[in-house]
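Read through the structures below before going on.
Here subunit A shows up in two complexes: once beside subunit B, once beside subunit C.
Moving on, here comes the complex of A and B:
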C-alpha cells in the first residue's frame, strides 16, 4: 500500500511540475543564447548552471524531460492501437496473418537505429522519426500478444454462446475480444515505457531523434559528454533524471500489475 | 543428409532475405531528397553534358532492375564506393570498424557469460538472495546505455582519469554492465526451466552435489542461452552506437555516427549492407548451431 500511495503522489507531482514549467522558470529553452554566461557552474541565478550556449540547464532539462515522456507515451499509444487492430484481425483472418506475420518477425529483428535512419533520410529529420521508430519497434510485441489473447478468447464457449444467440462479429470483437485484449495491452504499455524512453534517449543522443535547439535528455547527455572536462554539471542532471524515472516506472509498473491481479481475483 | 538439406534451405532463405534488404536499401537511397548525381558530386554536375556523362558512368541511364543488378554485383565484388568526406574506400573503412567491433563484441560476450554464470552459481549453489540480484540486474538492464556511459564518464572525470580516445575499456565496461543485466534474466529463466526437468530430480535423489547438478542444469540450458548471447553479440558487432560514440571507439557504431552527422551517404549505405550481412550470418549461425547442439530442433524440422 505504501508503494502505491507513493506512486500516485510522485506521478501527480510530476504531472503538476511538467504542466507548470513555463511558470516556474524565467528562462526560455531554445533561443536564449547568451555567450557571456556559457558553461557556468550552478548558482542561485541558474540553479543547475548553464550550457555551452549560456542557456539555463534546469529549464532545458524540464522541457527535454517533458518532450521525452510525451514522445514515449505517444509512440506507445500508436503502436498499442495499431498493434491491437492488426493483432485482432490477424487472429480472425488467415490471409492477413500470412501477410503480416513474416513482416513483423522481420521488423522485430531489425535494429531500431536502421529503421530510424531510413525514416529520417526518406521523410526528413524531426520528432516524427523518434515516434515512428519506437512505435515500429514495439509494434511486433503488441501484435503478437494481442493476437495470442484474441486466439485464446475466440475459442471460449461463451463466444460460441454469443454467436449462437445472434451476436454479430463486430459485437464479439468489441465486447469480448477487444475488452480482454485491452487489459493485456494496458499492462504491456506500462512495461514498454522504460524501453521506449531508453530508445528515445539513444536516438536523440546519436542525432537521429529530437534535433537541436529543441532540448531532449539524449541531446543533453551528448552535449554533457562533449563538455564533461570543463563543465561536469551539464551531464549529471539528465543522467539523474533518467535513473530516477526508470526507477519510478519500475515500481509503478509493479504496483499496477499487483492492483490488476487483485481486481481480477475478486 | 537431413541436416545438410535443412542447412541448405536456411542458407537459401537468408540469401533471399539479404537480396531483399539490399534492394530495399538501394530504393531508400533513391528516396533521399536530391538526385544521386548532386548528392555524390555536388555542384560540379550543373552542366548538362557533364551530368549526362556522370549518369552514364554511374549507370543511371539504364532501367531500374539493371541498376539494382549492377549494385548487387558491385557489392559482391567489393566495390562499395568511396566516402564523400575522406575519400577512403567504404569497404576498407567498414572492415576496419568491423574488426574493432568484433573485438568489443567477443570480449563483452565472454565477460557477460562469466559474470552471469558466477552470479547464478552463487544464487543456485550457495543460495545467495535472488531477490536482491533480480532487482539489481533489472535496474542494470532497464537503464539506457547512454546513462551508464554518462555515469562512467563522470566517474572518470571525478578521479581525474583522462578518457583515452579509441580505448576499448570504457565501451567494454558499459556494454558488459547492460549486457549482464539483460542476459541474466534470460539465463535465470532458462536455468529455472532446466531445474524443473525430471533429470534434476533424479540427480538430487541420487545424492549428487549441488555444484554437479548446477553444471548439468547449465548444460541443459546452453541452447537457449547461446542464441540470446549470440544475438546480442551480433548487435554489438553491428554497432553499439551509443557506447562507441560516447568514448569514440572506432567500431561500426562510431562509423555510423560520423557518417550520419556528415551525411556521408556511400558510407551509410555500406554500413547498412554490412550490418544486414552480419545480422543475417549471426541468425544463420544460431539456427545451425542450435540444431547441432540440440538434436531435437533438427529433428522437428523434418
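Moving on, here comes the complex of A and C:
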C-alpha cells in the first residue's frame, strides 16, 4: 500500500515538475551558445553547472527528460494501438496470422539500432525516426501478448454464449476480447516504459536520435562521457535521472500488476 | 594456568608478527620486481594509443590518418615530408632517391640510393619503384588524385628503367608539384613481385606487407592492436626502439587515462580539455599546428549570392571559437590552406562583425529559409562546432537546422549528392597544390560545387610554372580569389595534440598527426 501511494505521489510530482519547467528556470534549453561560460561547475546561478557550450545543465536536463518521456510514451501508444489491432485480427483470422507472424518474428530479432539506422538513412533524421524505431521494436511484443489473450478469451464459454445470443463479431471483439486485452496492454505498457526510455537514450547517445541543440538524456550522456574527466557535473545528473526513473517505473509496474490481479480472476 | 595462557598468547602474537613481516616483504619484493620487469620491458617496447583501427593492410588503399601512421613506419616513399619546427613549415626532402634532375619539362631522371633492402631481404631496384608507382596510380584513392590531372588523366606517361638504380619519369605535360606528390605515403615503394601479385586485389596478408621502413609489421589483431618489430637491416641507422605496439583505444578519455597511468607511452588525438589537465599532472604535451583545416562548406549552387556567404564569415567569432571552445589548441584561419605549407598566403582575416553581416544579408535581399547544416558524428568537436555556428548565424538572422549523421552517410550526402546548405568537415591535404585543387571546378573533394574558370586556369599555370617565386605568386592569387568568394565559412586549423608520459624523449610530430620515432628514447 505504501508503495502504491508513493508511486502516485512521485508520478504526480514528476508530471507537475515537467509541466512547469519553463516557469522554474530562467534559462531556455536552446539558449544562445555562450563560450565564455562553458563547463562551469555547479553554482547558485547554475545549480547543475553549464555544459560544453555554456548552457544551463539543469534546464537542458529537464527539457531532455520531458522529451525522452514524451517520445517513449508516444512510441508505446503507437505500438500498443497497432500491436493490439493486428494481434486481435491475427487471432481471429488465419490468413492474417500467416502473413504477420514471420514478419514480426523477424522484426523482433533485428536490433533496434539497425532499424533506426535504416529508417534514418531512408526517411531522414529527427524525432519521428526515434519514435518509429522504438515503436517497431515494441510492436512484436504487444502483438504476441494481445494475440495470446485474444486466443484464450475466444474459446471461453461466455463468448460461445454471447454468440448463441446473436452478438455480432464486432460486439464480441469490442466488449469481451478488447476489454480483456486492454488490461494486459496497460500493464505491458508500463513494463515497456523502461525499455522504450533506454532505447531512446541509446539512439540519441549514438547520434541517431534527437538532433542538437534540442537536449536529450542520451545526447547529454554522450557529451558527459567526453568531458567526464574535466567536468563530471555534466554526466552525473542525466545518469541519476535515468537510474531513478527506471527504478520508479519498475515499482509502479509491479503495483499495477498487483492491482490488476486483485481485480480480475483469470 | 594463567602462565600457559599468557604464554600461548605471546606465541600467537609472535606468529602474527612473523606472518606480517613475511607477507609485507614478499609484497614489497613482488612490487619491486614487477617494477623492474616493467622498466626492462618498456625500454624495449614503445606503446602508442591510437584513436581508430587501421582500415587496411594495403598502403595503396590507405586513407585514414591511422593507416598512414602505422603503415608509414613500414613503408617509405621516394621523398619524405618533414617538418621544420622552427620555421613551422613543411619540407620535402630526398629519401629513397640519392639524386634527381629534370632533363627537360616532361622528363625527370632519378637515381636511387644503393644498398637499401626490403624487409624480405631483397635489394630495392628501379623496377620496384616503377611497379609501385604504377600500382598506386591505378588503385590508390589518394594516389589517383595525386598522380592524375584535373580531368582524370594520368600525369605520368611512362617510367623508363635504365639500370638497377636509375630511371626516368616521363610526364604527359609539365607538372612541377611532382616531387611533393611522390613524397606522399600513398605512393609508397614495395617490392615488384608484391605489387604485381596484388595487381587487382588488396594486400591482405601480414607476410606481404613488405617495405623498406624501419619497422616490420608482425602482428595485427583487428580492433585490438598492431605490432611492429625493428628491421635490423634498415638502410639508415638502426631504430632505437625494438618494437612498437599500437593499441587501438577509441574513447578519447580512456586514451588520456591510459597515458596518464603509464599503460601506454604515447597517446595521440588528445582533446584540448584533457591536454590542459594532463599537462598539470606532469605529462608532456606536444602541440603543433596541423594541416586539418576545419571549415563549414557552403553549397554555392544553393546559396549563390556571394554577399550571403561573406555575411556568414563575418557572423562568426573565430577568436572565441579558437580560444574558448578549442582552448587555444587551434589557429584562426587566414587562408584556405594551413600556414605550414610553403607558399601559404597570409590573408586578411574575416573579423567578427555581426552588424556588417546583417547589412550584407539585407543588401542581398535576405534569406527566407532555414538552412541545413550537416555534420558527421565521427568528430564530437564538429558537432559542438555545429551548435556554435548555429548560434552565431541565428544572431544575424540566419536560421539553421543541424543534421548529425554517421560518417559514411555524411560523406555520401556531402561529396556525392551535394545535398546540403552547410557542411562541417576538415580537409587535410599533403601539399599546397593538392590543397588548392579542392576548389577546382568538378574536383572530387569540391563539395560546395564551387567553380571559377580563373582559379582553374591559375592552377593549370602553377602546375607548369618552373620558377618557385612565380609559382607562389599564382598560388597566392588562387588563395585570394577563393577566400573572398567564400565557398565556405573559413574557421580554424586544428592543432595536433599528442601526450607522452615522462621519460619519453625525442619524439617529433608531423602536422598530419604522424609520429616520427627515429630519435625517440625511453627512460624509466
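Everything that follows uses one rule, which is that the second predicted complex is superposed on the first by the 263 of 266 C-alpha atoms of A that agree within 3 Å, B and C clash if a C-alpha of one lies under 4 Å from a C-alpha of the other, contacts with A are read in each partner's own complex, and residues count from 1 in each chain.
As a working rule, a contact is a pair of C-beta atoms (placed from the backbone, for glycine too) under 8 Å apart; a residue touches a chain by one contact, two chains touch by 3 or more.
These numbers were taken from a predicted model, which means no experiment stands behind them.
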| item | value |
| --- | --- |
| Overlay on subunit A: subunit C relative to subunit B, clash or fit | clash |
| Touching partner for A:117 - first (subunit B), second (subunit C), both, neither | both |
| Which of subunit B and subunit C A:165 touches, first, second, both or neither | neither |
| Touched partner set for A:238, first subunit B, second subunit C, both or neither | first |
| Touching partner for A:206 - first (subunit B), second (subunit C), both, neither | both |
| First, second, both or neither for A:52, with subunit B first and subunit C second | second |
| Touching partner for A:35 - first (subunit B), second (subunit C), both, neither | second |
| Which superposed partner A:228 touches (first subunit B, second subunit C, both, neither) | both |
| Partner, of subunit C and subunit B, that touches more residues belonging to subunit A | B |
| Touching partner for A:16 - first (subunit B), second (subunit C), both, neither | neither |
| When the two complexes are fitted on chain A, the stretch of subunit B hitting subunit C, from 151-159, 169-177, 223-231 or 259-267 | 259-267 |
| Residues of subunit A that lie at the interface with subunit B and also at the interface with subunit C | 117, 121, 206-208, 225, 228-229 |
| Subunit A-touching residues of subunit B, taken from the complex the two chains share | 17, 28, 31-33, 138-139, 142-147, 149-151, 153-154, 157-158, 163, 235, 238-239, 241-242, 245-246, 256-257, 260-261, 268, 272, 275, 279, 283 |
| Complex contacts: residues of subunit C adjacent to subunit A | 251-253, 256-257, 271, 273-274, 276-277, 320-321, 324-325, 377, 380, 383-384, 386-388, 390-392, 394-395, 401-406, 409 |
| Touch list for subunit A against partner subunit B, complex | 106, 109, 111, 113-114, 117-118, 121-122, 124, 194-195, 197-199, 201-202, 205-208, 218, 221, 224-225, 228-229, 232, 235-236, 238-239, 242-243, 246-247, 250 |
| Complex interface listing, subunit A residues touching subunit C | 32-33, 35-36, 38-39, 52-53, 117, 120-121, 125, 206-208, 211-213, 222-223, 225-231 |
